[in-house]
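Naming follows writing order (A, B, C and D), and every chain is counted from residue 1.
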């Protein structure tokens, strides 16, 4: 009997211990100690680098900012794993594999070009299942054909239609009496996409405006000569020129167009990415946009977090505005921070990747571009603004006379296709 | 060794090659029969090497014709002519330095057998070729260095290797460009002997360019003197070297 | 066999050493995925798939002494064949169809390109290679409707073999088998009459012509062999990324194989294998330790190797360090004096 | 028709000018020393960055054109010094052409990597000299005076080099050592080969550095621009021929103008067209339009 009782006691004790262990395990939602690992897959060599300059430094800045001014995530410092995609989609696949499978990061920010984004997004959804915030990768294919029902993939930066609607509205708003327009873009997928959606939307809203000249210049040639295009452009004499050249292309375009007098000969110029380089900034009076991609810090966002971010960028990169990688990355980090904290608050547990991904969607944060929300895996600011560039006394370029296009005019609702939405644009505008 | 009963093997007709002002070959004609050994002498720049190169096709003539056994070969590439039996050895070092002696000769054996594109066969299974190669190495007294890299061997060896390689092509006519230049006195005779033995044994035709007039007398009983792209004398070496103009060309310039 | 008459030693004979080394290395490659993380497996797979194109560069370099920058054409062809047939316009994902098809296309394209590229040597050959690669690149880049332009073709599903859908692990083993097969084939080719005569061409062009070697034809065939290797690897590379973009056609990509071959050492048959592993491994380490210095590190390494040991490469350095040990495994087997 | 032609020529000027300098920088080295060296493209990159950084540092917003010329001079001297240093420390140990090609092309990687470390990859630009010179109107075409200045400077340098090579005793020594001449003979006649080689590298460096400096105000100093410069220069040498000054100028004009024409008339071919021309040239005239037959 004694034996038996002892045995029962042992069994009961074991069960109790196991139960306690299980409860303890469940309550193991305690925040793990040590730094939180976040991966960055950014172009740091190859052609894309000259276009998305200093992406690596910008990643460091974003992490430094979070650690220094935001107290990390859930009190844990962020440890960044920054790798080079060389701007090449295939290398990006390798880099993501390394970040996720080898280093065990909890979320990844990365991929600038559409190609890189398209290469990794399906893998993230089907295999890796780690929250991934794409920086740009603006192609419409992303959430229509590549990953139609995203769970883990998010995008910071506007999609092509969003930005084109903003651009068309801005141009029409700034110059209502325009008759002719010319468009120029770099010769790669994004360039073709934005030009075609711009043209489509323009035709919808103002069928009478004629596109007199469209050109696609070689992309990322690093020391291009645009004289032929500029001459042709001046001969066609459009009322408005909308240019999408960016990175080194943008710098070269800006220098050459200014020297050849393009800026004084065409009534309105919308240089979507005004030259962003050390030593040479924008041109007074030319239109620019506030999308994070361009980082003309809008005046209303000069407080938090830009008052702290801007000096960091100036110190490390030496140029402001810079191409928006730094801004994107900080936006992404702020989303992640907010998602971790919200998920933890709601469940009392340290979030799994799945919980994290679910939480990110629908979040709103205050970031470098003002209030920004993640709607249907797409980060948007309440309004994308276009305004005239102006250099302040202290040397900082800001935007004046801004025209803000609100979200409901830009975001394609989930129940509509892109074409339907564009077709309805006229009505919605009323 | 002149054997004029044999049919004409190789015929050159009015070959001309000018390099700007320089007349390297000025309407040269020549016929050579099987088994006939000619020596070619002349001062530097007389056009001897150019003449040989014209025959092998390394240099394209401005005009003129070359026939092998009556067949016109003027437009053919060097490698095609080599296949047909016109094989040249070089004056300067033209050897495959990174190969072993064995491989060097074997390359030519393979080429003669037409096995250029044989990619999937292990070379060690080419027993026939390897046998031929070993035989040639024996004949030219190279067997003991067969595994040495060619570039590590002396000048004399390289000459012999070059000649042995040419023989691997089973030539009909051998064009020999200064086989003994830059070789010591003693080796010279050794090399010549090795080569002449084989030429005679196979009853080959040969044109030999040589500087050493004593050697020329031993080599053949017919010699041609070349000057400024033209043949200025032809005949038995003893007779030819007595002629005034020949002395002027050869000796006068020599000093 | 002069140099190899090492009889009376404890070691087994020459050929057995090599066989043992091959078997051991293959066995390691075969079982390693069971023990390592998925990422390391991917990395090894990448190395394996880099070997065939690097061998292509190696053949052109070690036999013809030319620098072959145009490998990316054939990688690209193979990749896009896979992307079109197994991805965009789904026809088949059967490797038994895709691999031979890519082989045939690569050979055809290499034949045509070889007609004019291989007529030139030295700097001109290198630049012609780059020029032709650029032409292909811009063709693929500009045919946006078909190739997807710079966005490429994404979400290519894994292929099947004998009708069985392969997982990532299955793909690894296919890569291993294909790469091993090509290595053995290359070994055979490098010991063939063909490659002996190619070495004659690079040794002395005039002499080669004068012993009747059809220089242009043989060079072209060498180019075809190099291209075919890359074409086959291209198919598997496309599947290993599940993505194909025009950067596969970029000449910078082709230049990587030249760097890998140089690092490995073009004097040794194992050079390309060592080169592929070292290059990919180096990329892994550098991107971890100095993500910003990739170009400097790889540039300095290649430059230093060329200046100090030339064609010997890492293999040569390792051989010098551990000469005796490696001699037993016969890793020092040189293409340059292979006995007979 | 004529005015259209003129327009394309004027549009091509900046490319033409820098390609003249750059391609001759390469072909001069190849011609005199018989050395393939791709380092010149790295020098081009350094020249561009040096010019722009010095301009920003020394001149700020107060431009003086003479000051800019001084900076250009400094940049070209820096280029010469770097190329000579690269020869002394590195390139002279390279034995064969294949080695030189592989090693110097990896040196380019090092150059661009170091540029990234020093300057980052945000382009650096200083276009004041470009803007300050203003524009001219030639037959209805607007052309910045800076383009004309570039072309003038490039042509002037080429003329000076032609004079130097053909009319001076030092030039004779250079030509005696070249692929054309007989190096052993030159040595026997007391031409100091080492000195000639060093001077050739220096001149080549001056040309490359100047090309970078001259073009920098137009496109900014940008990471990665050396690859493009290298390809354009190499293609021009193939088209024009090694060692020929006339060939360098002619090829630069061809490359520049066909690109300008293609940009407007056939944008699909803009990037490919120099390669196509080079390939055709190689088929029809293997040693270039103006070149002589060399070993290369």
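The criterion applied here is as follows: a contact is a pair of C-beta atoms (placed from the backbone, for glycine too) under 8 Å apart; a residue touches a chain by one contact, two chains touch by 3 or more.
Since the model is a prediction, treat every value here as computed from it, not as a measurement.
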Steps in the shortest chain-to-chain touch route ending at chain D and beginning at chain B: 2
Chain with minimal offset from the mean of all protein Cα atoms: C
Farthest-lying chain, centroid of Cα atoms versus that of chain A: B
Winner on C-beta contact pairs when A-C is weighed against A-D: A-D
Chain C and chain D: spacing of chain centres that average the CA atoms, whole Å: 34
Whole-Å gap between the CA centroids of chain A and chain B: 74
Computed distance of Cα centres, chain D from chain A, in Å: 39
Set of chain C residues in contact with two or more other chains: 252, 292, 294-295
For chain A, residues contacting two or more additional chains: 44-46
Multi-partner residues of chain D (at least 2 other chains): 113, 116, 227, 271
Chain-chain contacts as defined at top: A-C, A-D, B-C, C-D
Touching residues on chain A, where the partner in the complex is chain C: 44-46, 56, 82-84, 86, 88-90, 93-95, 97-98, 100-102, 113-115, 118-123, 139, 141, 146, 188-190, 192, 219
Sites on chain C touched by chain B in the complex: 2-3, 185, 188-189, 191-197, 199-200, 203-204, 206-215, 217-218, 221, 225, 336-337, 339-340
Parts of chain A lying in touch with chain D, wherever the complex brings them together: 44-47, 49-50, 53-55, 57, 187, 215-218, 220-225, 227-229, 231-232, 234, 247-248, 251-252, 255-256, 258-261, 275-280, 317-319, 322-323
Complex interface listing, chain B residues touching chain C: 56, 58, 77-80, 82-83, 87-88, 90, 94-100, 102-103, 106-108, 110-112, 115-124, 126, 129-130, 146-147, 149, 162, 165-166, 168-169
Residue numbers on chain D that touch chain C, as the complex places them: 30, 36, 90, 93-99, 101-103, 105-110, 112-114, 116-117, 227, 231, 234-235, 238, 268, 271-272, 275-276, 278-279, 282-283, 286, 296
